[in-house]
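Each in structure tokens, the structures are laid out below.
Across the two complexes that follow, chain A remains constant while its partner is chain B and subsequently chain C.
Let's turn to the complex of A and B:
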């Protein structure tokens, strides 16, 4: 199989719980041998989608194709799709070795004892748990449990592994290390990872491709930089948590908002009129400054957050909207500012993204 | 830690333990020692005196009736224990694992306990009109044409004692098992399914081992109660089935304190062995 062949395909998947529609006609095709991040806020249906693909739940309608085969009616234990649970779900009464060997011992295919030992040892080594084989799950740390859960799925040599917020239970330091490691392990094994997360930084950092899920629908699918640089709707921009979004009115190629009227070169179709400027493209000026790169938005300085490589400045506009400015420290020291004082925020209109009901020119 | 503070801690823990220890010595250890002591007393027809002798012990183990009662007790206990497990486990599996709604599970458990709203004796005696010659079961079977003459063995036999005890004690097996099953993380079962295990494999490799502490607790409950039984066997066997409990009741009734004490000591030792044996199967300290 080449990389461009789909590993799995969702065909109009719908699933509802009573009146609540969790998945709404999802069509999705995933490339083989890739890392796909599925980004969505809580309640967007991402866990439901994963459970439907794994076979723990049946879709109300639609078909699931996996390696060219329709698996919609196949029970979970015959699908050959790996699943890593958010709480790891290790078998508490079995040792680490036996946890990882479980699928080989109890799965559909008979495996000889010698092969079990060899494959389990190889996987334990790959995830870096050598020496812990005889421990029980309550004797190891969270990061180690995560590795056991991963090894337990990978030992079955699946072509697709579903990870349900796999890093959610780890502390920040470990999370970053596991991010790199997950990517490295996947590249070595020629498998597709579908990684569900509510964190936009995680999704952008890890995915070869990112799918954005909202209210049971995939609203955008693309590479991380496509998603980041050109969100196709104001909802995607909102989830990315990197854009200041202003409501306003778009008419005849001009957007009117709290910052005045700006002429707009291009508009993306959207249900509402929204003007989006990235945090790091928003600049701060004194109130007297005459030469602004674009529209002027008066705002009061509230606070700053030091993030190491950059500083986030928080402002409040006259209509009580919080606006964030991200100043990267490689661009020099930030200006001195006084809390509570008014400043002018501005940006280059070329770099703004405008969403609107009206498709201009 | 310095020596005085260790001492103070020690005296603190002693003070905290004291009420419990005193209570247990007064009302558990002392009476048991007393029973052991009395079992060596000399019994005459209408009197008992504290001259030490092994007569009662010799009598107990040389009498077919008493040794027979010991074996009957062990046999009935094993049968009832097996039946409560075979009937109780599937019920617990349903309540604790297969019923998804917590509310429904609670309602079902409460239903299991409803028979306890009536007194123990009524629950036992209620079996008589069910099992008797002219009882409900015989009438139904005859009406259905399945049998020509009533089944005599249903009441006043070992069978009726087994039926009665199983019905009364099965709930003590269901409760602890359902509780342990309810605590199993559903993700663990899904993880096993995802790794390719079918239902049978998941049950034997995951669900059953994880529910074992519940089985052991339930088995201890049932064992302790069945081994000490005398009322069910008395009421449903027409005095044909004699358990150690019945021996004690009869001996106490005829003021044969020494023999009653011997039976009591034998029963206590038997219980001790059974409970210790069950506790060896799982480490309950880990589960609490």
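Let's turn to the complex of A and C:
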């Protein structure tokens, strides 16, 4: 299979729990041999989607195709799809070695003892757990458990591995290291990872492609760049946590908001009128400044947050809306500001994204 | 301040309570060492001896007191308790497993099962007796009708124990096993069962002990050959000798041995369960 062939395809997958619709007619095609991040807020149905693909739950309607085969009615153990749980779900009564050997030993295909030993050792080495073979799961750390869970799946050589918030239980330091390792391991093995996460930074950092899930629907699918630079709806922009979103009224190509009226060149279809400016495209000016790049939004300086490579400044507008400005330190030292004082926020209107009910021109 | 008074009072109360609990057994134990064959089931102890223990096993010269007719009854009761234990535990595990998924009429089925331990034993026994004699027309036996009565009685206990265990069971380890290509049956054998084993042990213990000294149901449902509780009751109604107490001590020791085995097996699997709990804590 080449990279562009789909590894799996979802065809109108719907799943509800009583009155709650968890998955709403999802159509989705996933490229082979890629890292796909599935981003969604809690309650968006992302775990349900994973469980339906894995076969732990049945969809109410719709078909699931995997490697060109309809697997909708196959039970989980006949699908050949790996699954890594958020809580790792290691077998507590077995050693690390036996945890990883479990599928080989108890699966439908008879594997010789020699081959089991060899494959388990190879996988233990790959995830960097050599020397821990005889420990039990309660004698290793969270990060190590994560690796065992991964090795246990990968030893079966699946073509698709589903990861349910695999980094959620790890501390920040470890999370970043595992991000790099997960990507490296995947690239080595010619396998597709579908990684569910609620963290937009994780999704953008890890995925070759990112799918944004909201209220049971995939609302955008694209490369991290596409998603980041060009969210196709105000909801996506909201989940990215990188945009200041302003409500207002769009009429005849002019957006009226708390910053006055701005003429907008292009509008993206949306359910509401929303004006979006990225945190790092928003600039700070003194109240007397005459030459602004665009609209003027008066705001009071609240606080700043130091993030290492950049500083986040928090402002509050007259209508009590918090606005964030991201100043990257590679652009020089930030200006001195006094908490509680008023400033003017402005931006280049060309860099704003406008969503509207009415499509302008 | 309050605890300074309350503590000793409560301690004395607990002491009395335990004395009351074990008083009968202590008296029974003392009298079992009465001298024989003249000594009876009363104080004072004429002379300490192991006569009645030897009497039980026919190791004393024949006297006017017949040996306790419990040999066959004991075998029967042990066999019946074992059969009941296996059946009730298997049914209990299966039923509790079924209740993990919600199904229509689940609560009705739940109460129907639990009713088995709520209905007065005499009624169940009588009912089974009437049903087998007058309606179906089969003979009553300890291994047939009484066995059914015992299973109906002990199955709810095994079921409730397993229900409690499976309630706390983290199903993701089973799903992990399936996702590795392991069939649900093998998954149950290799993952679920080892992890719920402490519960299975408790269910077995419940079923065995409840069946072993079951009286009212067996009385009506067992027919001609008696189980141990019935046989002992039978000897009571004639004349009481300390050999019954000696026998009581031995069966109690047997129960303790059973408990000890249970305790050891439990300690082993609790260590395993702890590992599981720790894993969940981190998650």
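Note that the second predicted complex is superposed on the first by the 361 of 361 C-alpha atoms of A that agree within 3 Å, B and C clash if a C-alpha of one lies under 4 Å from a C-alpha of the other, contacts with A are read in each partner's own complex, and residues count from 1 in each chain.
As a convention for this text, a residue touches a chain if its C-beta (ideal position, glycine included) is under 8 Å from a C-beta of that chain, and two chains touch if they have at least 3 such contacts.
What you see is a predicted model; the values in this text were computed from it and never measured.
In this superposed model built on chain A, chain B and chain C take up the same space, so to speak, and clash.
In the superposed model, A:169 makes contact with chain C only, not with chain B. By the document's definition of touching, both partners, chain B and chain C, reach A:156.
In the superposed model, A:302 lies in contact with neither chain B nor chain C.
Which of chain B and chain C touches more residues of chain A: that partner is C. After overlaying the two complexes on the shared chain, residue contacts for A:311 are found with neither chain B nor chain C. In the superposition on chain A, A:103 makes contact with both chain B and chain C. Contacts of A:81 after superposition: both chain B and chain C are touched. With both structures placed on the common chain, the touch criterion links A:92 to chain B and to chain C.
Across the two superposed structures, the residue set of chain A contacted by chain B and also by chain C is 54-56, 75-78, 80-83, 85, 87, 89-93, 102-103, 106-109, 149, 152-153, 156. Looking at the complex, you find that chain A touches chain B at residues 54-56, 75-78, 80-83, 85, 87, 89-93, 102-103, 106-109, 149, 152-153, 156.
Against chain A, the residues of chain C that register as touching in their complex are 170, 172-173, 175-184, 186-187, 190-191, 194-195, 272-276, 278-280, 282-283. Residues of chain A touching chain C in their complex: 54-56, 75-83, 85-93, 102-103, 106-109, 136-138, 142, 145, 149, 152-153, 156, 169.
Contacts from chain B toward chain A in the complex involve residues 185, 187-188, 190-198, 201-202, 205-206, 209-210.
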